[in-house]
Each structure stands twice: as structure tokens, then as C-alpha cells.
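In what follows, subunit A forms one complex with subunit B and a second complex with subunit C.
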Partner chain A sequence: MSKYIPGQPLTAVVERIEIQKLRQGDNLILGFSIGGGIDQDPGQNPFTNDKTDKGIYVTRISENGPADVAGLREGDKIMQVNGWDMTMVTHDKARKTLTKKNQDVVRLLVTRRSLEEAVKQSMGKKQ
Partner chain B sequence: MNNSKNQRDSDIQKKIDHEIRMRDGACKLLAACSQKDQTLEAAKSLQTCSTRIMAYMSELQRMKEAQVMQKVTRRSSDAGPMEDRLPCKGKVAISDLRIPLMWKDTEYFKNKGELHRCAVFCLLQLGGEIFDTDMVIVDRTLTDICFDNTIVFNEASPGFELRVELYSCCSEDDYSAGSTPRKLASKLSSSLGRSAGKKLRAAMEPGPCSPVSNGGAGPLLLPVPSVPGPKYHLLAHTSLSLLHVQDSFRTHDLTISGNEECSYWLPLYGSMCCRLAAQPHCMTQQMMNGCLKVKQLGGDPQSWKKVYAVVKGTSLFCYHQQEDVEANVEPAFTIAVNKETRIRASEKDPHSKVQNICISNQYGGEEVTHSLTTDSREDTHRWMEAFWQHFYDMSQWKQCCDDVMKIEMPSPRKPAPVTPKQGSLYHEMVIESSNDLSTTVSDILARRMQELELRSHLGTSPTWMSVFEENSPKSTVRPRPCTSRLSGHSPCIPHRPPRSPLSPHRCPQLSLLSSDASLTSDSDSHCSTSPCFHRHGWPEPSSNFPLGSSSPCRLRPRTLSLDAKLSTLRGRVYGGGGTLQCPCQPPPSSLLTPFPISSCSPRSQRSTQTTLSCSSSTSSNSSSNSEGSHSLESSEGAPFSRPSPARRSLRNLKARLDPRNWLQSQV
Partner chain C sequence: MDTESTYSGYSYYSGRSRGSHRHGERSRDRHKSRGKDSRSEKSVTITAPPAEPLLADPAVRGEQVQDDNWGETTTAVTGTSEHSLSQEDVVRITKDLEESVGLDCRRYLGLALAVVLGLLVFLTPLAFLALPHLLWPEKLQSCGTACEGLFISVAFKLLILLLAVWALFFRPPRAGLPRVFVFRALLAVLVLLFVASYWLFYGVRILDSQDENYQGIVQYAVSLVDALLFIHYLAIVLLELRQLQPCFSVCVARSTDGEARHYNLGQLSIQRAALAILERYYCDFPVHNPALLSASKSRAAKHLAGLKVYNVDDAFRSKLKAYLFDSPGNNAAAAAGMVQSQSRAMIAATARRRDTSHNELYYEEAEHERRVRKRKSRLVVAVEEAFTHIKRMQEEEQKKAPGDVMDPREAAQAIFPSMARALQKYLRTTKQQHCHSMESIQQHLAFCITNNMTPKAFLECYLTPGPTLQYGRDHWLARKWTLISEASVTSGLKDGSTFALRCLDFGLVVTTKRIPYIQMSEEYIDPKSHKFVLRLQSETSV
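Let's look at the complex of A and B:
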């Protein structure tokens, strides 16, 4: 993923993922874990080469959970959740945005290295 | 022809009557209710009903005008009306409305001065349908106005105009009759000061800033009842149409009416974010079906396959038999019918009397053509007509026909939990005739403790709870409003020993408060100042509780900073040994490890959550914090034995504060 320079517009190849939350008793779960945030230490993020990236990453996916079924993968960086930006948020803000009680569906925009590479490859082929 | 018109007339008349009845009901409710929330809701219903009535009236007028016009044209020319091709209708849904606000940073962060509050809601109008969203109370602690409703309009044409209007009404606390007890309220209202009286009058009148919107249409044929009570004013509006429809979230501009002088003013950023999706019927319903014979061009001239074909969305589905459609069996094959498809009638086949229909598509680099034939000329004509209509629909609905956009039907949910009103302990105290102040106070504290326990089940108690546990004389209890942030709750039984799943220790846990409510220095000062208890025998804390409670001195040093506390924490919890483990490689005892669902009791599940609630500096967020944190790690079963709650909460507190960590949360 290209390095993010604060203040400059960011372009990324994103995939749209729609997750239907699963109801368990009184709670709605998505079936994955997130890490990262502007208040966290980015040097410990194992999913990115750029160790200054303070974005929100998917660190674990529960098998056959709602996120798995929807196509989310470990290592994905979440850019947007239901229109809310996730590139410059605290960890807790990200968690709260994902776990809003009255929402049954979350629509994520995620990016991953393989997407960028796929686009590059397809562009290369055309040439 | 006339019959259908009369039918439509009477439909609208019925709707108007219904709305008038609703409006009368809302007026009565407005006159009768005393609570501020109820009056705002009733005023909102009133506004909605009035707008609906006006829309129906104007539609009725338009229809009458059209009738008159048609009669005129009929007389002048005998030609019947030309049947223009009409595009199909569709469903349009708008959801996740969010309007950002732009408070001055001094107002937002310092949170000084009186809290200016407004009640807002949105009216959405498309064609003849008008819907309103729920009402939201907005004050300067909010950064965005969010409406969670999904509104679906069922019969929209592609040239639709969805008008979004934001109404707001000032809702000052100064003179609200709802929250203060009646005697006090009557005394206040009879002796309003000049400025308060001015504000009151300004709120009651429409105000000089902008005229009340009347939905834009014809003359008012019914008198609008003037009812005392809060009135909503139009704050901003915008119009959305087909080109704003997209399967993702977009931002649109708002036109703002009103200015800073108005009582209902809110500093809007000027834009609105929402998801506007459309499902034209041509994408979701069967537009045409029937029996056909299909052959791929270039194949064997005799290889006509008999199929039952359905036109839906961007394809022509060909099933072996009609029953397959209902049985949801996969079609035999599918022919694409989209914007790049070319359909034409071929020359007459010498063998049959009927023209064939040729459908050509580009698959990859190749052109593939299918031939369709029917049994009769009328059938062929009908199929061609259907295809033309389908193409016309797709050209009208444009980007909505690329793919089917998802629209969720708003599901009937449980009503949202009533958020406790913001306020300090003192607003909620009802001073009755009791002379003994200390018992009143301790009752209230006990009540607070109860709801604290009910919500968190941490089995730990705040500092002052120890007063009750030890049955010591309550003479000089000075409760600090540590719990002022947890406001509004049910009364309880005092003297309840805190429950803990693992250890029955009852030592006060200041960390509970700080993690539940806030991590700012506010709570710090609370913790450090709360303790003027005249107590002997502070309960022996287990090794985890560090915040000075083990010190036998009564007066806690007020200067104990958060850093110092943390270092004591660290020393005690980790035995001065290792560093805090990064949860990236979660050890089994770490709470941040997500686990598959288990049937663990709700208590132990929820005991982890409050520790990860966000640190916020405003009390209005704290209740939503614990709400949000209830969903956190709910699926986390815990077959492992947990460390005692206090140590865990402290560890988590520390983990959260330590910037060298990379936390993970399960959602």
C-alpha cells in the first residue's frame, strides 16, 4: 500500500464488502477483530510494510462468521465503514462505528495488497 | 377512464381525512402533555401531518386541473392521447443520513456555558409520499446529526425528486417544565427573568428569520391550527435525484435557511452524507415471460430448444419448464440483455411465417447471437415490445441498471433504550420533606450504586461504597459526584455487597470508575478527592488495588498524578518483572483474545467490556459508551480462568493508556 502523506489526497483500490451482522442474544457480532488506530503504535502492525500506517486493519477472522462469508480477509485495511472514514480514527472510534447497535448491515471499503497488484497486472497485460 | 379518476380522488380524500384526524390528535397531545420530550415529538407529528395534508391537497388540485385540461383538449381535437412509452417505476431508499456540524472549537472542547440544545428531524418527500425520521436532540457535544432510519419510497419514477428537509426547534433547558419538579417549576415559571422570558417567547413564535415551509405547493385550503408549544422551523433542505443514486455513500450539499440570530440555529457544515439506492422494477421483477424456441446462430438449423423464458434485470433467463421458475432451479441458460445488447428482427425464415428475433452480445472479444422464435406473429410482436420497453427502462434508470442495489427493509426493532438525560447528581435529587440530609444522600448513592452494578456486574465498588459495607457512621460522607456521569437510573436496595464471580473481595475499585466513565484528569481528581471517610479498617485489598487505598491514612494526597498511579500499578501487577505483553500475540489469559461463542454466563462476559470503553470527556457519551461496549467481546466465551476483576481492569486500563501497545478488539 502506498505511503500516506498527511494532507495529500489518498488513492487506493478498494473492494466493497457488505457484512450482515449476526445476532447472538442481545448482541450483534461481525466475526472479526481489528487492530490499529491513530492512538496505537503502528510499529507493531504485522500486516503492513509501512510501519507508520495508523489505519485500521483486520487482524483475525472468525471462521464462517459474517465477515468471512462476506469476503473480508485477514490483513485488510478498512478505509470506510458506512460512509464514515476509518483512515484517521482512534481504535475505539473504529470499534464503536462497527458495533453500532441499531445497524444490521455494515458496508466496508477495504483495500489489500493483492488488489493493487491485481490492478497493476491487468494494466500490464493490456500494454 | 372516469372511474379510475374518481377512485384516485376518493383515495386521496381518504388520506386527507386520515391525516386531519392525526393532526387533531397531535394537537390534543401537545396541549395535554407536560414532558418536554413528548411535546417535541407531538410537535414533530404535527409538522409531518400538516406537510402531508398540504401535499395531498396540492395533488388533488393538480388532478382536478388535469381533468379539466383533458376535457378541453378532447373537445378541441378528436385524436386520442398518444401512448408515450413510460419507464417502469422503482423503489428508492435513503438511509444512514448524517449531517456534520461545525461547532467553534472553543465551544466544543471546553464545553463551557449553558448547553444550547435543539431537537431536529428530517422530512423526506418523494412524489406524494412524505416520511419523517426520528427526532434527535442535538447539542454541542455532538459532531454529527445522525438519523438511523431507512426510508423506502415504493413507487418512484426515474425522474424523481427526493426533497430532504431538516427541521429544528430550540429546546432550552432553562425553562423546560419537564425535568424540574412541579412545585419548583411553577415557582420558576411565574417569576421568569427578562432574558429567560424573551427566549421563551422567541421559541414559541415562528421567529423573524424564516417563514414556515409549506411544502412548496398550492394555496392553503384548510386553516392551520395555531397551537401553543414548540414549533419547528426549516433549517436546511436539498433535493436528490437519479444522478445522486449510487450503491455507496455520497455527500451532498445542503441549502441552509436561517442565520445565527434564530433560536433554532445550528452550525451546519453545509453538507449531508447518505446512501441513496434505487431498485427499478425492471431489475427486480419479471418484465416479460412466455414460451420460446431458442437457437444459437451458427448452430444446427434444427437445434431449436423449447424454453420458458423470463426477462428480468439484465438477462433473459431460459428455463426448461415454467415450474422451474418458482422452484428456483437454475435456468438452462442465460442470455444477457443489457446496454450493449443488440436486438433486431431478422428476415423472414423461409420455412416459417414468423420473424425471428436476434439477440447479439459481445462475450469477451466475440459476438454471439441467439435466435428466438415464437408460435405466432402477435407473440413475436409482444416480445419485441417487451424488449424495447426493457431497453427504454434501462436507459431511463441509467446507473441503477448495472447491478441490483441492495435495499434493506427497515426491520421492526425494539425501541431504542432511553438514553439517560445528561445532568449531574443534583438535577436529579428530589429534596422532599426529609430532614436528614445524610440519609437522603446515602439513599441516592445507594441507588446509584445499584444501577452501576446492574450495568456492569463487575463486582467491584467505587470508593464510597465501602462506607455502606462496613456499616460505619455516615456522619461525614462527602460523596463526590464520581458517578455523576452515570446518570438516571432505577432505585435499588442499599447495602448490597458487590458480586464477583471469582473473588469476594470488597475493596473499593477506583479503576472501575475511571475505566467506565472517563480517563481524563477529571476522574483522577475525583478519585483522589473522594476519600474523606472517617473509617477505620480500610478493607485489606488484594494485591491488585494500588490507588493508595492500602495506605492507612485517611486523607489521600490530592496530588497523586495519574502517572504515579500507573507506576504503582505496574509495580504491583507485574511484580516489577516483565513488560506488558503486547496483545498481538495474545497469551491465553489475555482478555483481548477473541474466542468462539460459548455459553458463558452473561456476567463474566460483560465484566470485560467496560474496561475497553472509550475515554471520553463528556458525560453524554458515557452511557452510549457502555452501550457500545456491551456488544464488544460478547461472543467471547472464556473457558480459561480469569484473573480477578480488579487486576484485569487495571491491566486493561494500563494497556489502553500505554501508547506502546497495538490493541486489538473483537467486533
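Let's look at the complex of A and C:
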């Protein structure tokens, strides 16, 4: 994950993940927890080396939940949810975007370090 | 009934020797006490150990340790381990006699010198003022107002000097030190030189030429007194003020039982530091109790008894070397043994048998602890009960019933027998019985009764060994001290200097450490710079 420089576009290798929400009683749950946001303390983020990254990270995944089944992993940074940007949002906005009641499916763009490395390796092999 | 047995107890010990007599005495006492016991409470007597040394044989001491029943059956109780030191007592007394003459001479010489110097110092200004009037009164100018004002100044300054010298120097000497006190000697020399130079000047310029300007002479005398006051200020700084600021931390450890204390001292010479330490020793260190060391000594003896020493020749030694180096676990003993002498080999018999002395020590100590606690609880109960028999009488009652009134001493003697046995057993278990005589216990009891102290307060001085000063002089076991030092005793204390103070029975080992030089820097914090932010870190499940 490259460091964000204000004013410059951010590039990242992302994976597309589609999660089907699960109905549990009155709620639609996704089966994971998020942390981070522009109003939170980025220094306590254990999933990134860059301690100024205020993005939304996946902190916990419930076993065999919808997110686990869809391929989301702990430590992933969520870049987009259904087209909405997640790199510069407050924690509450991210929560609301993910838990819209009228949506059954959320399409996430997530990035993780292993993706970057895989791309680098394959590019290296090509060369 | 008590006084009778007490008296008999004392009379046995006023100078008789030990040994064979004791058996006879004891059997007599036993018989007597049995007769008494049938009609009254058992009573025990605790006698003070006699002041003069007695030539005790070691067999006597062994007997005392084994006999456990004398608390109940005898009315006379012997002092214990102090008599094992009686040989040293004899040595000590002869040493005292030899050296007291020399020390007294030195002290009186010092005193005489000080007196002479003091008289010289005080009479000099007066002589300066009086001599012109005596020697050439006609030539002398009359003393005007300013001159007479100076007389008052001289008088008061001399008075102040007199008081100051009395305050600083006229104090009873605290100790006799081995070497002369360097600063005092220097000051005395300085004063002597100073006064001598003033006399020289006076003699040459004033007496010889018979100066008529009396005011000048008076001013000269005033300047002398001023300078003497400044020398006195110098004396205060050198003798008193310089060592007040703590510079060194000394660790004082007693060689026999390891009791240690730490003190802060200023810049002192080694002998003055030793004096300061000794004064604090008497106030802080618990009294030295030789009876408590017997257990470790017997253990040490047992360790040595386990080793056997053989004289061997070379052939056997080489075989032994092979044997010792082959078997495991004996290498340490082998290495140590080979280092020693050429013609001996130490065979560690304990290497083969399992060493259980640590086990014995553990159980012995646990047993002793239990015994002490049991005796202590019995003692506390007995004392509390005894104290309930005594009640302070009010003023009105005093007028009503003058019959049975007792003063504190009699009250103490009345309640003492009921607690005497428990107290004596406790003292015996904690090996303190030679520190407290029956007389001292009764005195203390009377004191506690007079001051309305509780039983717990009365017992406090028997439950914990107090500082050496609290006991009578003959229990100090430390009257004359020798300072043992590699550096000269008038040199100052330095970091890492060590010296020892030895008296006949034990020693104090002193090590010094300098208090470090502290480099401090400052940092200014603006009070407005204390600002805080709220840092949230929440985790939401979706």
C-alpha cells in the first residue's frame, strides 16, 4: 500500500470482493469488523507499517461468515464500497455505507500487502 | 519470702570461684526451694553476673547449657556465657591498668597547654593597654573620648570572645583519640604565632620607643581582639561547620553477626569518623549477644570434623589423583586439595555421605521459632494478668484506706513473682538472660507502673534487643576500641577507604563510598504547553 500524498492520485493493487449479506433476525450482517477512519488514531493500527494511514481496515472476521466465505481477510484495507470511496471517510460514514438496509450485496475493493508483492513478483518474472 | 532467697543468691556470688562449689550449692538450693514451694508460689531469683572476673573453666559453661531445670528448682541462677570470656576480662583489666597512666598524662598535657594559651590570649590585650600606664605614665597622652570609646569596644569584644571560646572549646572531652587532632593543633599554632608577632611588634615599636600616642596603642589592642575573633570564626568553620555537609556514605558492619548500618558523614579525618561511628554504634546497634553465635560455631565445628587429613607419600598420592579425578563431583575438592601442601591429601569423607546439615538447620530453626513464640505468648498472658492486680489509687481513696498502700517499688515486688518464671523462661529461650538482672527487671517494672504503662510497653524492652546504651555498662562488652587502618588515621576519608574498629570480643568493619557529584540541568516548561487531544480507536462490527 503506497503512502498517500495529498493532492496526488493514489494507486493500489486491489481485489474485488462481493459479499452477500446474511439475514439474522432483524439485521443484515456481513461478518467482519472495521477499524480506522479519518477521525480515529492511526497510530494504533496493527495492520500497516504506515502509521499515518487513516483508511478503513478489516480488524476481525467471524468464522464462516459471509465475509470469510467471500474471501475477505483480516488486515485488508477497504478502498471502495459499492463505488463509494473509503480512503478518506470517518469511521461512522464507513459503517453506514456498509450497513445500508436496502442493499443485499456489497462489492468491495480491498487491498493488502500480499497483492502488491504478488504483482511485483510476477512482473519481475516477466522481466 | 522472696527477699530471703534473693539475699542468699547474691551472697553466693560475691567473689567465690566456680567449679566444684556449684554442685553443692545447687543441691542445697534445690532442697530449700522444695521446702518453700510446698507452702507458697514458686519464686525464682535472677542475679546479676558479678563485676570482677572469675576464672571459669570450660566445663562449667558446658554444664550450664545442658541443664534446663534450674528455673524451677533453684533459687539462684548463674549468669551464663559472659564467664566464658573471663580470660579476656583478665587481659582487659591488665591492659587498662597499663595504658590509663599514659592516656591521662596526654590528656592533662593537652589541657594544660590549652589553659596556658587561653590565658595568654586573654591577658595580652589587657597587658597592651595597661603596660604604658605602668611603665611611662608621665609621657603618656591623656585618653580622649574616642579612645575611651575604644575601651568599651575592647571590653565587649573580649567578653564575646570569652563566651565564644567557652562555647566552642570548654566542653567535656568526648573521647581520647589515638593521634592529635590536627585542626586544633594547627589553630593553636596559628594563635600562638599571631600573638607572638603582635607581642614582637609591641615590644619593638612601642615598649622600646615608649610611644606617647595612647590612642594608637588602644587601637592596636582593638585590632588584636578583632583578629582573635576572626581566628575564632576560622576555628568554628574548621572544627564544626566543615564536616556537617554529608559527603560520604559509610557502611558499618559488625563482624560477629553481620548487623550493619549506613551513615552519612562529612569530610572528616579517619579518627574523627571512627569516633562519630562509635557514638552512633552505641545508639543504634542492638547489643552484641555472644550467646547467639554458639549455633553457627557448632555447625562450623561439625563441618571440619567431617574431613580427614592423611600424610601420604608420592606413590599413594599419584594413585589418589587418578582416583579423585576419575570420580565425578570430586573435582573441586581435588583441585583445592592439590593446591595445598605437598605432603598431605585431604580426603573428603562428606563427599560420599549425603550432607544433611542444611536440613538440620532448617528444622532446628523452625523448632526454635515455635518455642520462642510459645514462650512469648505465655509471657504476655502472665504479664497481663500480673498487671491487673495493680490499680492506681485515687486521691480520695488514699485518705480513706492508708493501710495497704504501696509505693511503686513495693508494688513491683508484689506482682513480680507471678510473671518471673515466664519471663525467665522467655529470656532463656532467646538467650538474653545475662542482659537483664532481677534488680533491673524490678526497677523497670516499678518504672512502668509509675508511668501507667501497659503490659505490652513493659515487655517491649525484653522482646527486642535494644541498642547497646540501654543496657548496663557491664553488658556492653566493648569499652576500649582500637582503630585499625592502613591509611594514617589523621588523613581524611576517601572514596573506598576502609578501616576497622576492634574491641576485645568483636569488630566493626567500615567501608566508605563517596556521594556522587551531581550535574543538574534545567528545563523550562511553559504552562501553556500542556495541551491534550482525544484519540479514539473504535472497532465496529458490520
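Just so it is clear, the second predicted complex is superposed on the first by the 127 of 127 C-alpha atoms of A that agree within 3 Å, B and C clash if a C-alpha of one lies under 4 Å from a C-alpha of the other, contacts with A are read in each partner's own complex, and residues count from 1 in each chain.
The rule we apply is simple: a contact is a pair of C-beta atoms (placed from the backbone, for glycine too) under 8 Å apart; a residue touches a chain by one contact, two chains touch by 3 or more.
Everything quoted here is computed from the prediction, not taken from an experiment.
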| item | value |
| --- | --- |
| Combined model on subunit A where subunit B meets subunit C, clash or fit | clash |
| Which superposed partner A:R16 touches (first subunit B, second subunit C, both, neither) | first |
| Subunit B versus subunit C as contact partner of A:T99, first or second or both or neither | both |
| Which of subunit B and subunit C A:T48 touches, first, second, both or neither | neither |
| Of subunit C and subunit B, partner touching more subunit A residues | B |
| Which superposed partner A:L30 touches (first subunit B, second subunit C, both, neither) | both |
| First, second, both or neither for A:T59, with subunit B first and subunit C second | both |
| Partner chain(s) touched by A:D39 [first = subunit B, second = subunit C, both, neither] | both |
| Touched partner set for A:T87, first subunit B, second subunit C, both or neither | neither |
| Superposition clash, subunit C against subunit B - the stretch among 134-142, 368-376, 458-466 or 530-538 that is involved | 530-538 |
| Footprint overlap on subunit A, where subunit B in one structure and subunit C in the other make contact | 29-30, 32-35, 39-41, 43-44, 59-60, 62, 91, 95, 98-99 |
| Residues on subunit C engaged by subunit A in the complex (per definition of touch) | 535-542 |
| Subunit B residues touching subunit A - in the complex, by the definition given at the top | 96, 98, 148, 247-249, 273-275, 406, 408, 411, 413, 416, 582, 584, 594, 596-597, 612-615, 627-628, 630-632, 634-635, 659-667 |
| In the complex, subunit A residues that touch subunit C | 29-30, 32-35, 39-41, 43-44, 59-60, 62, 91, 95, 98-99 |
| In the complex with subunit B, residue positions of subunit A that touch it | 16, 18, 24-30, 32-37, 39-46, 59-60, 62, 80, 82-84, 90-93, 95-96, 98-105, 107, 109 |
